[in-house]
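Sharing a structure below in structure tokens format, with a few things to ask.
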Amino acid sequence: MKKTIIPEIKKEFINKLADEGTREDGRGLSDMREINFETGIIGTADGSVRLSLGKTEVIVGIKLQIGTPYPDKQDQGVLMTGCELKPMAHPAFEGGAPSMEAVEIARVVDRGIRESGMMDMYSFCIVPGEKVWLVFLDIQVLNYDGNLFDAATMAGVLALHNTMVPAAANELGDDYKLPVTLWPLTATVVKIKNNLMADPTFTEENAAYARLTISIDDNGDIRAMQKGLKGALTYDEVIRALDIAQELTQNIRASLQKSTGV
Amino acid sequence: MKKTIIPEIKKEFINKLADEGTREDGRGLSDMREINFETGIIGTADGSVRLSLGKTEVIVGIKLQIGTPYPDKQDQGVLMTGCELKPMAHPAFEGGAPSMEAVEIARVVDRGIRESGMMDMYSFCIVPGEKVWLVFLDIQVLNYDGNLFDAATMAGVLALHNTMVPAAANELGDDYKLPVTLWPLTATVVKIKNNLMADPTFTEENAAYARLTISIDDNGDIRAMQKGLKGALTYDEVIRALDIAQELTQNIRASLQKSTGV
Amino acid sequence: MKKTIIPEIKKEFINKLADEGTREDGRGLSDMREINFETGIIGTADGSVRLSLGKTEVIVGIKLQIGTPYPDKQDQGVLMTGCELKPMAHPAFEGGAPSMEAVEIARVVDRGIRESGMMDMYSFCIVPGEKVWLVFLDIQVLNYDGNLFDAATMAGVLALHNTMVPAAANELGDDYKLPVTLWPLTATVVKIKNNLMADPTFTEENAAYARLTISIDDNGDIRAMQKGLKGALTYDEVIRALDIAQELTQNIRASLQKSTGV
Amino acid sequence: MICLTEIKLIDDDGLRLDGRKPDELRPIKIEAGVLDNADGSAYVEWGNNKIIAAVYGPREVQPKYLQDTAKAIVQVSYNMAAFAGDDRIRPGPNRRATEISKITAEALERVILTGQYPRSSIDVYIEVLEADAGTRCAGLTAASVAVADAGIPMIDLVPSVAAGKADGQLVLDVGKLEDNKGQADLPLAYVPRTGEIVLLQMDGHFTRKELEMAMKMAIDACKEIHVIQQDALKRKYTPQSSVNTNEQEAEQ
Amino acid sequence: MICLTEIKLIDDDGLRLDGRKPDELRPIKIEAGVLDNADGSAYVEWGNNKIIAAVYGPREVQPKYLQDTAKAIVQVSYNMAAFAGDDRIRPGPNRRATEISKITAEALERVILTGQYPRSSIDVYIEVLEADAGTRCAGLTAASVAVADAGIPMIDLVPSVAAGKADGQLVLDVGKLEDNKGQADLPLAYVPRTGEIVLLQMDGHFTRKELEMAMKMAIDACKEIHVIQQDALKRKYTPQSSVNTNEQEAEQ
Amino acid sequence: MICLTEIKLIDDDGLRLDGRKPDELRPIKIEAGVLDNADGSAYVEWGNNKIIAAVYGPREVQPKYLQDTAKAIVQVSYNMAAFAGDDRIRPGPNRRATEISKITAEALERVILTGQYPRSSIDVYIEVLEADAGTRCAGLTAASVAVADAGIPMIDLVPSVAAGKADGQLVLDVGKLEDNKGQADLPLAYVPRTGEIVLLQMDGHFTRKELEMAMKMAIDACKEIHVIQQDALKRKYTPQSSVNTNEQEAEQ
């Protein structure tokens, strides 16, 4: 990723707005941008969703294939989460091997989903030690305007809920819905001077001092966290971030469940 | 590959000659350069040829090994065509991973041979789904002076005709001649201003506006085509190129067959 | 590796000292620096040693794993020697793929040990053609001050003598000591103008004209040699280097054997 | 082998597996200006192909030594998403994508007025989100709309389509099974304003006569596609949104 | 599966597998200035973790385009030696190491006074020689001592440790089996002088209340570790060697 | 195992598997100036080894940071063609080729008058087309003829050959089976004009006395090879073509 420098005066402006409880796009500090999504849009994928969070837009596709388990997890399937930040999505993104940022996003999204227990990896075992389902969750970023952590996690969870296991094509009986019921979600807040803001835009991310992504499960329990950026958070700021994350994810979860008819 | 820039005045000169129906080396527009070749020159290869087309010089070596078939082609052998443009062959060639140009050459040569049906891939199956012959066709370029497409295709076809299947070393009975009878060949023409020239030299390639490689089988039918370079061809120019290609390949085929005693 | 340039005046100085039979650190021309080592320091390794030769400091770890033999050596185990010159060890070392220097060191250390017959590779076969021990010898350089050849070979031999075969963890009976008894060692000399110096420091290596590494077995026989650097050696200089190497390795062998209680 | 020969690509009524006539295109839907960050973009649905193209530029050339002092360079990166095919596709470049990127760049370079932007780069990214045969043609079709959407001056848009042969008969806009089981495939891109062919490939088996007819068939179809491309740009740049909607519906 | 559930991570006396109390650290030994070439270095033994950190810099930025005209950049390379784990580790970068390198650099960047060295680079190399859970925390703990040993001005040292949950109970300084079989892991780094958290990750399952307690537990332990870090530097920089030896022994 | 021990590398008459005497070279044929584009080139057939060497330079150094302001750098790339060995060789660099490239460059650097071309590069490409033991020696032998053919001033040509041990006996110019089944291999390159050794490797088992004799054997043979190298250059640069042909035939 190329270096992106936000002028000091811009940061001041963002912070001044924040002191007044608002943001460039008019949102409150703890507000998410508008979420839109459509599921089942990729015929070649076993599950898919196209999701936009403000101007950040991603497609997540799920593919299941039969493969061998890890030697130390003979009776479990395998979840593999991939993310590239391709130059299509933002002028600062460069081609070539996945950047550190892309690796971090893939790993944080993976952790948020995996640690929630949403996927019972034992249920993806076909023949212990020999044949298991490999679940590939691939994140394709179409347009990047900040907070890919939350957008990709949401899209990933929606795509998994949209997934049919391709059993028939593998001579394992009829296709069936991927057995998932939970809705882990993340909320990301950034700190700009002394203000915390949820769901940062690209500009806000680059003006920010620290970032915290928190994965919350259906019970409001915490499943994963990741602090980022070159600054720090105090204990109290983490507590405030948890308050924001618990409330935000609860609201989003309800609204996603409603939209998908759960 | 490093950028090679032919001065505008040189292009004018080449074009002026072409308007008069001739070229820097005295050839007519539809003439091939002299072809020389020697087969069976590499003892470690199962088939081989060293071929020169004017100053373009290549060695093609064929190696057969036993391997597993592609999952979607369980009862067929595998043909793999490799080409690198190593810095030995031209000052503009650089080391490292194969360039876009090398990839295109390998794929066009592969297509010209494969699509002709010259190789009955089913005949390279030993045990369906388990053991097939992998046929490696590797192009080693010693000296590059343009039109590697035609040189490498000719060399590839000659090398295949020169190939003995190493059955004995793999405990599959006696060695036998690779069962090939056909002689697919390509002819490449370039367009410089409004003239078409066959078998371009390095200078002509770099002065040219568009390139068209056409693979023609023993019946004069078309098996593959590839347009290259940053310019265009009209429909009529393609037709003229087809005329040239059909005539040229017929003549070369006859002469190669004669030389190899077919 | 970044280029390291030793000023001409420094080379003159080193050579002047050498003419007087001494060196920057006060050693005689054929003296080794002080050797210190500790074995069994890495709990996760099957054998290990941390060794310093003057200020050059390495850790060698041995790991044994079960794998498949090479097709042409079905009844033998496999020895694999790895070395990277990581930027931790010297300001001139760079990250990324192993440098030419690192490859040479790994290969010379490997050869010195392998050719001595110290490892009976047949004894590492478990099921011919199917299961053999893969012996990984990995060289981690902590601090580089020249003559990694000798330091890494010594450390490698000590680590092999320290190795327990992890049979139990692989359900092959009780663990047992790796069956090695020999002590191949290398001695490296460099030529600076007309002087030969054993065990060169980083500065001496960079001032030197040629380098010769000689592997000597327990009988004083020669098992491997490697000339390096951009200069030459006369036949007589090779003879003198052999004299030095035979004497040095005999002394070091005796002292290592004494230290390890052999 | 037996089952393969049993598949009839053309039925007794002369219709293809998906009901199309031999010279009929699959449904094509193009939308221009679909991405916020890119300087230009286009989304194409073409049969089940789903492809998005983004253009950045003219901008600084990276890496710098590729810079041309006389004109802009055109760099194309064609890529299949991991989930775009029948099997999961490993990320990263491969030989097929390298070749398609090269010939697509060469086709665009013919129509973009690169001389207006010396020392700069026009970067085109084509992502195949779902593949259904003909992705290189659909990708180039989308890419030229995206270049236009970026406001980069061009001689013309570049429509592209493949003609082919199935059950021995010439067919337009080769479908997935026709591609796998058919006898020939001829991807072609045509510049209507100049009457030039800027992309041309072929594999399979054509007699000289068939080849000529296939080329003509593809060229004619390119003219149709050209209209759809122009409509997409008109829809984006025409202020009356109600009219646009109607056109869009009409097209589908 | 059966054997897994039978492992009790906390025994009836409330002690852990290695005999520690829930809020007890493993033995930690830090030595500063252990390498000759590096500008600063530190060696840490922490349980069975053996980690060495080296610092070069401030020095020229490589590659140059990463240079920042306003301050030094901090580059961290965390790496596991081939023999540091249960299975042999293939050399070369991997996604886990990339992530740890990134968050470690971000943590150090908070405390190093980078503004004093514009256009330069501070390069930190962390090599895990033997891994025993908690290597990222031990690595950062070592790295900040190495930075101090290099004489690079910092706000404070950065102690780091993980809290976690085993058999449903909060535990400090998560061990290897606790990491594999436990219910949560929360690596945290804390700057005592400013009261700030500079590294924070978590995975597993915490209620809100448990999470808060785990963070407090880790923060308190960081203060302990901070003392060990300071002692290591004192030992190196105090002239009386006899005193040093005593301190060292006392610590062990 | 049994079959291995049964192979006799030296027969009762003291002759080797290919009928050579212990101190006899395989047939060597060298041709200079075989490539059109390269500044210098040479082709060597040596036993069944077939090797071609090309030289470009002095020319600009790529990448630039490798440039030496005082002299030319010598870069060697030794490579085996995909079809040069018993099994097909995957293209791309490997550790063996890296090592051979390095020691070959070091040997050439001794004899090339690099001081005459500061800031430039002399690039040597060695392609093994068919391998039959001794490729590094044959490659260096070819490379130095190619450098001379490029008109680059040198102290001397660099002949190179391996001595070895087979069935306990010293042998010159180790063959393929002798390499696999023999007891030692000692590749050496010698500069006749200065009496210097510029390449020296060994593996296997030599007593001190055997080693000394092997070195002498190789040095003597290098003088023979030197004559063949000179002849190749003479043939190319002598105007009377009829004479050349005769010489060439005589040699074979």
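For reference, chains read A, B, C, D, E and F in written order, and residue numbers begin at 1 within each chain.
Simple rule for what comes next: a contact is a pair of C-beta atoms (placed from the backbone, for glycine too) under 8 Å apart; a residue touches a chain by one contact, two chains touch by 3 or more.
Everything quoted here is computed from the prediction, not taken from an experiment.
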Out of curiosity, which chains are bumping into both subunit A and subunit D? none
Where does the A-D interface recur among B-D, C-F or B-F, taking recurrence as more than half of the contact pairs being identical by residue number? B-F
Need the most distant chain from subunit C, centre defined as the mean of C-alpha atoms. D
Chain centres from averaged Cα atoms put subunit D and subunit E apart, in whole Å, by 53
Could you please state the distance in Å, as a whole number, between where the Cα atoms of subunit A are centred and where those of subunit E are centred? 27
With centres defined as the mean C-alpha position, give me the subunit A-subunit B separation in Å. 49
Residue numbers in subunit E touching 2 or more other chains? none
If every chain is a node and every touching pair an edge, decide which shape results: line, ring, star, complete or other. ring
Order of the ring members, counted from subunit A so that subunit D is second: A, D, B, F, C, E
Contacting residues of subunit E [partner subunit A, same complex]: 1, 66, 68, 95-96, 98-99, 101-103, 106, 109-110, 186, 191, 194-208, 211-212, 215-216, 219
Applying the document's contact rule, which stretches of subunit C touch subunit F when the two form their complex? 3, 75, 100, 103-104, 106-107, 111, 114-115, 117, 212, 217, 220-235, 238-239, 242, 246
Can you name the residues of subunit F that touch subunit B in the complex? 35-38, 48, 50, 52, 54, 56, 59, 62, 77, 79, 81-88, 91, 123, 125, 127, 129-132
Contact set on subunit A toward subunit D in their complex: 41-45, 48, 55, 57, 59, 61-63, 65, 82, 84, 86-91, 94-95, 98, 136, 138, 140, 142-145
